[in-house]
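Presented sequentially are two complexes of chain A, the first with chain B as partner and the second with chain C.
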Partner chain A sequence: MNKRDFIAIGAVLILSAIGFLFFAFQPKGGASVKISINSDVQGTYPLNENRTINIKTDGGFNTVVIKDGSVFIKDADCPDKYCVKQGKINSGSIICLPHRMTVEITDQQQPDAVAR
Partner chain B sequence: MDTYMSLTLNGNNPENSIKKAEAFIKKLDRLLSAHDKSSEIFKLNNSGRKSLSPDSLSVLKSALKYYRLTDGAFNPAMLPVTTLWGFPDKKYRVPDSSEVLKALKLAKPEEIKINGSTVKLGVIDMKLDLGGIAKGYASQKTIELLKKEKVDSALINLGGNIQTLGKKPDGSLWTVAVENPNKNSSYLGQLKISDKAVITSGGYERYFKKNGKTYHHIIDPENGYPAVSGLKSVTIISDNGIQADALSTALFVMGREKAVEFWKTSKSGFDFILYTDNGKLLISEGIENSFYSDLDYEVINE
Partner chain C sequence: MAKRIASISVFTALALIFSYIEAILPFNFGIPGVKLGIANIVVVVALYQLGAKEAIGISLIRVFIIGLLFGNILSLIYSLSGAVLSLIGMMICKHLKLSVIGVSAIGGVLHNTGQLIAAAILLQSGALIYYFPVLLISGLITGILIGIVSFSINRVLDRKKAV
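Up next is the complex of A and B:
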């Protein structure tokens, strides 16, 4: 390895370090989690904030968990439990047909500020 | 101001501008606090008469202007009443009606005399609380300061009171969401704005419960009790942060019908988002094209 290679590797390392820093300080995307029942929106939540949402319908309940940028159904009392079995997603949607519930990841923007 | 503040800006010398803005906001806080013993307002409340610095005087004059404009729905002299309820020091209690009536007699801003820089509280034991307008004044004057600093893009967040200057550095509009008072739910909606203040008032922000009843912190100056107006929250969108702050409280106290009527007759260039106790969302026509919501809403026309 001659000196020129050494400099080139150094430059790549520095660039990737800068790239990492840049990435690390980026807000984690603007995606949101939209929960609907019979296509009525129940709520929209940021994908980058961990929380648990309990959805109760006439049909039963679903426990939706947003954690570390993914969404999954932790528990539900539907007969097939396909929604629970689907596991974690970070794009697309989870549908619980018996409860007519949809959990969808949308790229709706996160606001710059919240008035309260 | 007993709250957090955040400042985002883009200009020639952003660090210097941020420092100036922060120093200015802290100065206002020291002048205007009704609870800090060294503040001008605390001293005025204690002695009934005091010469005020230009900023304090200017806030007081704005407060009196909105007292008159809103026919008393915004009242900057309610401190004796809110103190009875324990809101300033968080020692909550439900006062007797006789106490409330007595304290309410002190809430007479029309008895304030201003002569040059000297202010005299014309009723013994009258006490001012400019908290209902101080944050809006701070954000408005900070935006003016930043403009002089040649800052072309800024967002100020004073404990949830938002004011923006220009657009975002990338040229797009600012996105300001409005909190849903039903905490576990998503936002009431989002506004795409530039050069606007967005200020929300609602009983949901501060309240206490006693014997199964909820008492919130926005006291109706008419009767001295938490305002029962059928509204959960009021958001005002305006070019002017002072107006947005004062009117968000005033329209909350007025209730839906009076608030809409006030908007129609005042023609003073503001817009509103009203959220009612039974979950209805009403917006004024001026923001129809900048408001986005998953909820159903009704647009009110002039």
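Up next is the complex of A and C:
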């Protein structure tokens, strides 16, 4: 081992540290939000982009908000408002039973299927 | 010339056996995509004992035969891109007078990098880049381990040559 070895190994370590830090501050980039009504997919949106989606169903409306890597239902005109009470989630799903609407977080990041 | 061809053949056969051992007895670290790659010991030792051209030949023959025997076209492309990038990097590092351990460490890192690039192109997906830091570290560790073994083998072989 000489000085050049340590420089090379150090460079790789710094590079991977930068990589880890960079991805640590990116809220779940691979995941996406899938909204469906009656199990028909209405749309899929990336979890790391803030946006507001108005969903109209036969029963009424739901306002889905994606913000800072989590998703929540801001407003709905269903009687029980369980979906609104469920608050912010960044995994799993929110279900509005009266409107038959589901908001699901799907993790599309599956490197192990590839990196064999 | 005959001696050179014989040496290349023996090295290639050894590399194939190491690949075979690793195929039936994988040294798993519990992380997907991470393996020791003991066949690279042969390539690193060949780079020092025989030369760059010979090491390239041994590595490419090994990748093609292993791809035909145990893999499919996809795994062949992954291994090939990893092997090529790692060989180029190791030759540059050797030229820059890094020790065997440093050369092997960079080889390990670039092997993983090449495979990741191939996978990203084939899958048309940038999502894999999230796995890059993990593969950098694992390539570094396995590369250093391979380098330590290659260093010991080189020392024995150099001593034999001197006698």
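Going forward, the second predicted complex is superposed on the first by the 80 of 116 C-alpha atoms of A that agree within 3 Å, B and C clash if a C-alpha of one lies under 4 Å from a C-alpha of the other, contacts with A are read in each partner's own complex, and residues count from 1 in each chain.
The criterion applied here is as follows: contacts are C-beta pairs under 8 Å (C-beta built on N, C-alpha and C of every residue); 3 or more make two chains touch, one makes a residue touch a chain.
Bear in mind the structure is a predicted one, so any value in this text is a computation, not a measurement.
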item	value
Partner chain(s) touched by A:Thr44 [first = chain B, second = chain C, both, neither]	first
If touched residues of chain A are counted for chain B and for chain C, the larger one	C
First (chain B), second (chain C), both or neither touched by A:Ile53	first
Partner chain in contact with A:Val65 - chain B first, chain C second, else both or neither	neither
Touching partner for A:Ile89 - first (chain B), second (chain C), both, neither	neither
Chain A positions touched by chain B in one structure and by chain C in the second	109, 111-112, 114-116
For the chain B and chain A complex, residues of the former touching the latter	6, 8, 155, 157, 160-162, 168, 174-179, 184-187, 190, 198-200, 202, 205, 235, 294-295
Residue ranges of chain C in contact with chain A within the complex	32-33, 75, 93, 96-99, 101-102, 105-106, 109, 115-116, 119, 123, 127-128, 130-133, 135-137, 140, 144
Of all residues in chain A, those that touch chain C in their complex	1-2, 4-5, 8-9, 12-13, 15-17, 19-20, 23, 29-30, 108-109, 111-112, 114-116
Residue ranges of chain A touching chain B (in the complex, touch as defined)	34, 41-45, 53, 109-116
